[in-house]
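Residue numbering begins at 1 within each chain, and the chains themselves are lettered A, B and C in the order written.
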Amino acid sequence: MTSDTQREAVVAIPTDNGAPADNPVAAEHDDVDRTYEHDVNGVIRTSDMDVFYGDFRAVGNVSLSFAFNEITALIGPSGCGKSTVLRSLNRMNDLIPSARVDGEVFYHGEDIYDPEVDPVEIRRRIGMVFQKPNPFPKSIYDNVAWGVKINGFKGRKEAMDEVVEQALTEAALWDEVKDKLNDSGLSLSGGQQQRLCIARAIAIQPDVVLMDEPCSALDPIATLRIEELMIKLKQHYSIIIVTHNMQQAARVSDKTAFFNVELDATGQRTGYLVEYSPTDELFTRPRVQQTEDYITGRFG
Amino acid sequence: MSIEAPERPVQEHFPTPDEYAGLLSKRTRRAWVVQMFLLLMLTIAVLGLSILLFTIIDDSFGNVATVNQVEPEEGVVLAGLDPATTSFGDLGKDELVTALQAGINRNVGRRLEREQRFYEDRLVFEPQASWDELCASDDPAPGCTSSARDAGNVSLLVQEQVIEPDIIAVSGMVESLLNPAAFEEEVARDFAVNPEKYPDYTFDQVRFQWRAWFSWSFITSPASATPEIAGIRTAVLGSIWLVAVTVLFAVPVGVGAAVYLEEFAKPTRLNDLIQTNINNLAGVPSIIYGMLGLAVLVRALEPITSGSLFGTGAPNGRTVLAAGLTLGLLTLPVVIISSQEALRAVPGSLRQAGMGLGATKWQTVRSQVLPVAIPGILTGTILAVARAIGETAPLILVGAASFITQSPSGPFSQFTALPIQIFQWTSLPQPEWQHLAAAASLTLLLLLLILNGAAVILRNKYSRRIT
Amino acid sequence: MQPAGARSAGHTRERRELTRPMALKLGAVDNMKEQLKKRRRPGERVIIGSLFFAGAISIAVTVGILWELGKESLLFFTDEVVSVGQFFTSTVWQPQAENFGIWPLILGTMLITVIALFVAVPIGLASAIYLSEYASPRVRGFFKPLLEVLVGIPTVVFGFFAITFVTPILRDIFGTSVVGFFNVLSAGIVVGLLIVPLISSLAEDAMSAVPSSLRQAAYGLGASKLEVSLRVVVPAALSGIAAGIVIGMSRAVGETMVVTLAAGASPRNFNLGSDSVFGYILSPFEAAQTMTGYIAITASGDISYDTIDYNSIFAIGLTLFVITLGLNSLSRRIVKRFRQEYD
């Protein structure tokens, strides 16, 4: 564990470690029955997070706070650990035997890596959409219904039909598939498959949706549809998206985190957070030279 | 306008263009020869297979030279009918019983009746009084309780006891079809040269006829010490019972182990050990499994495998259960390894998708991973089971009975199996048995062909449903 | 009181009620710890436990094999009839006379294995080279399934084939006075045929694992197809091919039915000093019992437990087990080295 590269990220957005006792927003809205007291700290917050694959430290010292009902974009060169960070936010890294997370990741103030915490519950609340569309080799209907079913949905067939319809509608796919719900999910086009995966993810009513380059396999039209979809979805969900496409980050996200990768003293390529700012600022007035180089394409 | 190519320095030791052309044609020729050699070797392998299959089919059919104690026409006469209008094959049960009564002595008839009676409502050989007495005794004859013989059974008895056919020479299918006369001449010559081999017959009594050793009645007749009427029903049923036990044991355990190793096992020492161990077990000769079965299942666990713990069953542990489990242990590593391969072929993205939706590992495996892996698992399993059906050595060890006529009726029955029957018959010196062994081999190969076909069909059906 | 947003420089978050469109809603946030708490899933624990148990059965099988072979062998050697030394040095196996020297049985096994390899290695390798380097897809599609059929045929049927076809032919060729009815040549040839598909498919796998860049490099230097196959691909795949041959050898050593039927049941007892080496000891035309053959024949009679015969088959079995295990791990080691070459 060589954390000798103690770099300071420039963070224009506070990651408040203090107690959110006198949260003014919550106080103002006492009439709202579902208030989030940890509002200031964001829905997910990482604190000095390091992720290792075996002995290899893939990313180090990531402290970030992801806001409610916003889209946060993670950008950076290939291999800088964006997917790694994303996967550690809902414990998908558990599926990689060699992966290990040091530091803390808070979800509503609770450390999700606490041994007391159930990773299955975390993944139910923090859903994920993957880079390559990966529908189940089942019918479109079952693709959406399965996650709902295993999470203990007790409704009857009609209720399930409604859930499926709503999820597909929310994912802007309903009109295209409503006549062929029993067709295999694999029979759809790539863009449709990806929207099916989004429908599947939001059908289980998550809190946060993580998306790892959801548009990288899609054409511009399909990409546009998914971007519109994300903007629509952020009314209800907090979204964290990894993207290679800087226009996309600029178009859809509210905040952007820029990661970079550098050889450390031991010759390992460790990723780190460079800058975290509101998107319009990061793309217009970057505070760090590296960021500017990257977004202007002058990257070395 | 042309540009002079700059002159290259002449290189020593290299072939001139002409020489190179000659060299090339020589190389091409050599390549052709070698290629032909490779093809020849491949052809030899395929030829070996073809000859093997040919031998089996050739021996499963063919002309035989038979001498009957009583000609079938006389059998018809014994039944009280006219051989000019009725042939032996047309006789009904009653007429066959009449022929049997006329053809055998009373004591033999009583023995047969005690084994299995001829009619439900009347006796043929035994007086009613002694029958009642026999059935009331402590040790009643099997005939007291079993159902009556059917026409086919009586017909076999008449053939065995009255007609008593004796095959004195056999020939293969191809010779019989192409040159039947040669076989007859050969037998005639043998009669002339070695008369001492045939003290009881004259050549005139010999009948030449076509015989299909492999036939439906061969498959459905029980074992017999007389090759002319011996069949493989007992062995086929034994094999079916064995396969049932093998499948019931090896498939759930094997697939379960594969799922554990592929999906749940963390790379601990113990799990590595299990994996290495399974790979090693796959290479252990089958006869060693037989020894394990003999020492543990037949001997140490005799109360269980003989069924005595459950109050029923066999006198010892050499039962369907012990043998089926032995084959199950033998098949286990193969089932595990092929199921693991099938599971490994399922893309990881499916697992991530499942778990990303808040499913537990088991939920994901059961409803997303296993259904995709099933065709592969099924194919591998059927092939493993097909291998188990043909296994002989372990069955010898766990004591498949070499000669029983009683069909197995459950896991605690004594049994024989198809490959054991082939082994027994092959090791007997008289040529008739070789032909029976050929016919039994043919049956076994057809059975395996059906299983393999089923594997292919199942795989295709499943893979179509998924995509 | 400064609102939280001040800290994020003009990015005051507008407070929004989180409305969920559907029925399933997240619980209130204040008891989050409780909500995220590990669930007990007893059903799944039982299932995973049974899956582990299924995997662990294989360990029980190995322990069972080692335990039984070891125990009965121990009884065999402590029986005062034979010592370990005699067992491994004597060249006479005569259970009736209480002579238990394993060499005649090992000799039988070795003879048959060597003959089998003489048959199977050229045929298997040549087939593999042809199929992987030369054959058009159509030719491959014809030959490959045929070789696979060969794998599926039960060994007892091969035994039948040896007795009814190969032995008579050999006796026709060399004369009945030279070739016995039971002889190791027939058994060896048929065992060879039996392991051809094994060797050829493993060799083919090894050759198809050779990166095609290597082939292209050789073609680029003006090599012909033959030169590429024999001088580039085969050497590159050599360890995979060797591993396949070792596996085939292990199969031949453990093969039972063919040798029991075709090679006879008389151990080839010999005396190195007085017996002719090529006329008798290594003669392919005489009968010889193998280790597997002895086990099968002895057990096929109604063998009684706790006799010296019963114990002796386990001592032989243990030897057989060790030999095949050694061959199998040898092949695995060869394969492992092969992998490293290309990774």
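Simple rule for what comes next: a contact is a pair of C-beta atoms (placed from the backbone, for glycine too) under 8 Å apart; a residue touches a chain by one contact, two chains touch by 3 or more.
Values in this document were obtained by computation on a predicted structure and should not be read as measured data.
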Could you classify the connectivity of these chains, where an edge means two chains touch, as line, ring, star, complete or other?
-> complete
More contacts between chains, A-C or A-B | A-C
Using mean C-alpha positions as chain centres, tell me how far chain B is from chain C in Å, no decimals.
-> 23
Please compute the C-alpha centroid of chain A, do the same for chain B, then give the distance between them in whole Å.
-> 60
Distance from chain C to chain A - Cα centre to Cα centre, in angstrom | 49
Residues of chain B touching at least two other chains | 360
Can you list the chain A residues in contact with two or more other chains?
-> 120-121, 125, 151, 204
What part of chain A is in contact with chain B in the complex they form?
-> 90, 92, 95, 97, 120-121, 123-125, 127-128, 130, 132, 134-137, 146-147, 150-151, 184, 186, 197, 200-201, 204, 206
Where on chain C does chain B make contact in their complex?
-> 41, 44, 47-48, 50-59, 61-62, 64-65, 68-69, 72, 122-127, 129-131, 134, 143, 146-147, 149-150, 152-161, 163-165, 193, 196-197, 200, 224-227, 230, 247, 250, 253-257, 260-261, 292, 295-296, 299-300, 302, 305, 313-314, 317, 320-321, 324-325, 327-329, 332
State the interface residues of chain A toward chain C in the complex, per the touch definition above.
-> 12-14, 16, 22-25, 28-29, 32, 34-40, 67-70, 107-110, 112, 116-118, 120-122, 125, 148, 151, 153, 155, 159, 163, 166, 170, 204-205, 207, 235-236, 278
What part of chain B is in contact with chain A in the complex they form?
-> 266-267, 347-360, 363, 367-368, 371-372, 466-467
Which part of chain B faces chain C closely enough to touch in the complex?
-> 27-28, 30-31, 34-35, 37-42, 44-46, 48-49, 51-52, 55-56, 59, 252-254, 256-257, 259-261, 264-265, 271, 273-274, 277-281, 283-292, 294-296, 299, 329, 332-333, 336, 360-362, 383, 386-387, 389-393, 396-397, 399, 402, 419, 422-423, 426-427, 434, 437-438, 441, 444-445, 448, 452
